[in-house]
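Note that chain A is present in both complexes that follow, paired respectively with chain B and with chain C.
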Partner chain A sequence: MKPLLRRLATVPLTTLGVVTLVFLMLRLLPGDPASFIAGENANAQAVAAIREKLGLNGPILLQYVHYVGALLRLDLGHSLLTGLPVASILKQSLPITLTLAGSSVVLSTLAIPLGCGAAWFRSHGRTALDHALTLFALGVDALPAFWVALVFVLFFSLRLGWFPISGGLVWTDLPSLSLRLAMPIVVLALAQIAALARVTRTAMIEALGEDYARTARALGTPELSLVFHHALRNAALPVLTVIGLGFGRLLAGTVLIESLFSLPGLGSRLLDGIFGRDYPVVQGAILLYASLFIAVNVLTDILYTQADPRVKLS
Partner chain B sequence: MATGNGLGRRNVTRRALLRAAATAAAAMPAAAALACNSRPSAAPGSSSSSGPSEANIKLADAQELLVRIYDEPTGFDPASIFRIEAENVAVNIYSGLTTFDSKSGEPIADLAEHWEIAPDAKTFTFKLRPNAQWQSDYGRVTSADVRYSYERILNPSTRSSYRAELNNVDAIETPDDLTVVIKLKAPDVNFLYQVGNYHQGQIVKREAVEKFGDAYPRNPVGTGPYKLTSWTPNSQMVLEAHDGYFRGKPTLRKVTYRLIKDENAAEVAIRNGEVAVAMNFALNETLQRLAKDTTLVLLKSDAYANNLAVLNLDFKPFSDVRVRQAMAYAVDYASIAKRLAPLTQSPADNLIPPFMPVYTSDVPHYGYNVDKAKELLKAAGYPNGFSVKLLQGGPPDAPTQLRQSMYADAGIKLDFDIVDTAALNRRRGTGEYEIAGRLYPAVNPDTLLFGYLHPDNIVPQGLNGAKYNNATLTAKLEAARAETNVDKRKALYAEVEKIAMTDLPYLPMYTANVYWAAYPWVHGVTVNKLAEAEWYPVKIEAHG
Partner chain C sequence: MRMVDVSRSLPTGPALGLDQLRAGVRRVLPNASYTAGAAILLPVVLLALTAPWLPIADPLKPHVLLSFSPPSFAHPLGTDKLGREILSRTLAGLRISLLVGFASAALALLVGLVVGTLAGYLGKGVDRAVTAAVDVLLSFPALLLAITAVAVFGNGIVQVILALTVAGLPLAIRLQRALTLGLKSRAYIDAARLANAPAWWILIRHVVPNTLPPMIVVASLHASNAIIAEATLSFLGLGITPPHPSLGNLIAEGRPFLQDAWWISTMPGIAIALVSVSLHLFSDGVREHLDPRLSI
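And now, the complex of A and B:
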């Protein structure tokens, strides 16, 4: 377990790095929160009053020390715009983003049988089907998520009226929640499916070409068992990598998708925070994103060792 | 082993992706944010959803309304409230001593039933309504509430953004429960605008402000027809009728605001019937589609504010009035508006919008004339033109790009200095630009004329971003404030406008329109001069 502990020990350092970078980068942006809050037609007195109220007058180093000190006490501060505690804002938006990203990851595993299928067709010389599947994946991958989202909205929401595009999220009302989240989840999963299918295909082609696969075939192993039991396990590493990476990509994707579908998740909070120069909210949201990403990376590394005992964390 | 490197690589990828996504997403909301800042309103010729037979309509059983709001309000404390989406909710929660006529923007009675202005225009005596009640059982409204509210704004420790609006107040007296006497340091007839149902003019209850403390902006208590009963951040907000309202029980019982930021999503939501009223559509394409939709009504509030180009007179070429006139002659605002933004913009001819009672069209006009522009530039010593930078929030829209090419025809090279909203606000506030734009929705003519033209307001102190200072004009501005005779005051303002349009420190470009959309069975929605709508007159007709 030692290597794992060593790996975990780097987490706080990475986190501090993220925290510091974000803190400094935000303050390098021109225009401070006071000039945003005061609005476009405010006078100097109003801006000065707000700046004082928000505690933006002190030296940056002092602000940084206060911020890190508060973080160590697990205090993320309060939003400069709404005065709400950042922790409560994040607590409210995190489940939405996790549901979106998590469901998309689950949905995107549809790509694994797809990729296996393509590889199997190819190993049996039916390259036309393989090409068709590959081309399809390539096509889907090339569609930008925001465009797919707009097309979905126009078709499924406006034309067919199947899915609502507004309204609050009530966690206890599962049917209406599913309707509200269905489109964003599918849009997010689509690009992921394409990437995952291609990687699975490549890894499977390699695995199916290995000596052990040929031997297994010669011994009369059923094709289905060969593909999913033997070859897929050996092809699992790159597939796991793409899923792990994909989770990060999905988190990034939520920034855009939440905004298009009016979902009050972490991504839209982050975006609003950046535009409003709401430092504590941006810092909190990015810290959370970074923690999630680090956690997924560590988890992926651990899963590697489970998927392939030859991999050691060192 | 590879895992360590792999982790590093993946982190970089994630950050890059996140950044890319944020940048991509930024492009759209930036446009939306600009649109949010532009404030719509109702002018002569503004439409409201009330039909001619309003009195005879058959009311629906459920007087409840779902409304699209386009941005999340940050709170409802009159001392710090900002942006139209928050003001739109607050106008229904609070009252002022006065409120504004939805067509002319002029102050009319609200909590104050009537008032007297002393001949020196320095003492205002307001008589409050005897039957005005606070929401949430805070009792009857008294003169002490008014005094507390305005002294709170003036108290430096409140750090109100609107303290300057009441700077002229010398003393507030409350001889009895229903009388408020406000004494000013300098005469100002327009003071009636400053105590309206807007920002600092809204009356708050001391006990509520003290009880909630920092949480007050999310727990407002007012005297208006609706109270805020629930607020799910970034999702929805509910207003419910306040039956103790002094004008009587509201017909409309409940308003639920749904937050839908994206304008395309809002269009789908209203066409799907997910909301019955949608605030603020700003894109011409959306509006053209909505206008064709016969199941919906577009509520238009035209020419609520003028969009001006602010010429920094410290920039050398602009110190010559001939160059400023050349700038005015060089652009054909009428054809730009007609071709690119026919629904949202029309050409402007003055610093203030036409709905204001003191507006006059009897000022110098500068029709499109590129030859004259070139002549003037030559006379001013710029036969080959000059280069100038425009401070621009976000990427320039099509009308701005066309403007750039028209300037080029006259020999003026316009470059864009592109920044985002926060940076734009800061630099415009400090005067760091050669040309900037300004769109300021207001009902008080002095907010604009005093703000833009008085030397006390030269940036960074105030809104005089041109750094304009003309003693003759300043004297007339001050005289107009002190003039209690309506006609004489109008004449003084007309002279101010004439001088300003001769000297041209600001170039009027467009008047802006605002649109909401609603179903025709929602009666009585009028978007006023501050781009707000009050729910009190609204009734829902029975519909299928």
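And now, the complex of A and C:
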């Protein structure tokens, strides 16, 4: 249990680093941030008001203490544009982002049987699925997600009219909600499916070539049980890593996808904040993204030890 | 366990000439991915670089009478809303995308080499500080880091290059540090130290050259990722803004006309795909060439 505690102990430190970076972000803006945000034609009074609101008065160390203190009370400040508390704005948009990223993670696990199949057929001298998978992965890596999304919109929404690309989200109306979210989730999952399938394939090729796999075969283990029970458990480590890392990438991907499909999630708030120079919202959104990412990384590390007792956290 | 094909290693007599020829070809063209990558990349880069001197229309000059012409012999890739030639605009955008991709890859490589080597070689406090900073940067997904950096630096080519360098830096530093740590305990480094060679000499002469090949593989992948990231940022309106054409904002410009003038967004997208596929193939090829064991 001790290594686990040590791993958990790194979390507050990393989080503090992230908080410091986000704190410095506003202070690193070229020139005086308050007059930059207020715009060129603002009078001195308005600039002073913004400076006060952003907590830019006083010595920088004191500002830092105030900032961290407010964060501990979950006070992320107020939006400069609407005056609403940032925490409640983020709380409203978080479910959409989490639904998108979470569903994509679930969808992307389809890649595991794909990768297993490619590895198994390859070990039997049939490489068609293997080549198809490699080609798919290369295509997905090379094409920007937003371009793929545009092509999807063109075909499935504008030409065929299957999926709506605008309109509000009603959480209680499940059928229309899933129609609205289907395309964003699929586009978001594509890159993750490719990465996961490729890693599963490589790890499984290795696992199926090991001595224990040959022994199991010699003892008459059915092929399905050999692949999914014996080999996959040993190939689980890299697969888990990619799922964990993928969640972070999917989180970042939601910024783009939300903006493309006009979904009012965390990413849309972040972009609106950047365009509107609403820095409290920008800072809050970035902090939230980074905290989610840190949490998922720790979770992945802990899952490791559960999946493979040979791994020791150090 | 893999069976070794014994017949391959036996002398085959008359066929030797063909084998030698094959070996000769292999020396010039290490492997298929590498060759295919270079074969796509070089002409595209050449076209993009020489675009201003090619006999094609000015990418910025509007011809309203020609607006929304579909691809034809006169307008190979069609024209946009203002009748500007998509071919010239894609090539102009490609120049900027390549500049951003390669400049940020080179910068990340350079900073990664210096900081990573120092952290790995000096150890102790320096190493701990660098590792902590890298860990913090790695708590951001790369695209989010780039967006954050753009939010601080602002729009523009130089700012985007800086933002993408920041996004790629943590991995470059981490890899270089790990490589340096691996080399530090080698006998020839000890020998150099015993011969009283100064630290800077050991680093420049013995450590850095041996870390270069894997770092170059990573840098070429970074270039490909940076080109896509630049396109993404510009598409969102956070990167390079019109009238400067970049592949990302060209695609964004075509977005409202997706249904009636598909070529405006599609052509720059194909250009991105070509460059990115070739860079991936190229780095795969280089890696395979350096370490044949990796080619499963």
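Quick notes on this one:
As a convention for this text, the second predicted complex is superposed on the first by the 274 of 314 C-alpha atoms of A that agree within 3 Å, B and C clash if a C-alpha of one lies under 4 Å from a C-alpha of the other, contacts with A are read in each partner's own complex, and residues count from 1 in each chain.
Quick note on the criterion: a residue touches a chain if its C-beta (ideal position, glycine included) is under 8 Å from a C-beta of that chain, and two chains touch if they have at least 3 such contacts.
Everything numeric in this text was worked out from a predicted model, so none of it was measured.
In the superposition on chain A, A:53 makes contact with chain B only, not with chain C.
By the touch criterion defined above, A:32 lies against chain B but remains apart from chain C after alignment on the C-alpha atoms of chain A. Of the two partner chains placed by the overlay, only chain B lies in contact with A:244; chain C stays clear of it.
Of the two partner chains placed by the overlay, only chain B lies in contact with A:89; chain C stays clear of it.
Of the two partner chains placed by the overlay, neither chain B nor chain C lies in contact with A:188.
When the two structures are aligned on the shared chain, A:45 is found in touch with chain B, with no touch to chain C. In the superposition on chain A, contact of A:288 is made with neither chain B nor chain C.
Judged by the number of chain A residues each one touches, B leads among chain B and chain C.
When the two complexes are overlaid on their common chain A, residue A:161 makes contact with chain B while staying clear of chain C.
By the touch criterion defined above, A:214 lies against chain C but remains apart from chain B after alignment on the C-alpha atoms of chain A.
Overlap of the chain B and chain C interfaces on chain A comprises residues 14, 29-30, 146, 150, 153-154, 158, 248-249, 251-253, 255-256, 259, 270-271, 274-275, 289, 293, 297.
On chain A, the positions that touch chain C within their shared complex are 10, 13-15, 17-18, 20-21, 25, 28-30, 138-139, 141-147, 150-151, 153-154, 158-159, 202, 205-206, 209, 211, 214, 248-249, 251-253, 255-256, 259, 270-271, 274-275, 282, 286, 289-290, 293-294, 297. Here chain C touches chain A in the complex through residues 1-2, 132-133, 135-136, 139-144, 147-148, 150-154, 224, 228, 231-232, 235-238, 248, 251, 255, 258-259, 262, 265-266, 269, 272-273, 276-277, 280-281, 296, going by the rule given at the top.
Those residues of chain A that touch chain B in the shared complex are 14, 29-33, 35-47, 49-50, 52-53, 81-84, 89, 92-93, 146, 150, 153-154, 157-158, 161, 164-169, 241, 244-245, 248-249, 251-253, 255-256, 259-262, 264, 268-272, 274-277, 289, 293, 297, 301, 304, 311-314. Remark: chain B residues 1, 3, 6-7, 10-11, 13-14, 17-18, 20-22, 24-26, 28-30, 33, 37, 68, 72, 74-75, 80, 82-83, 156, 159-164, 214-215, 217-218, 232-236, 258-262, 264-266, 268-269, 271-272, 274-275, 419-430, 438-440, 457, 459-463 touch chain A in the complex.
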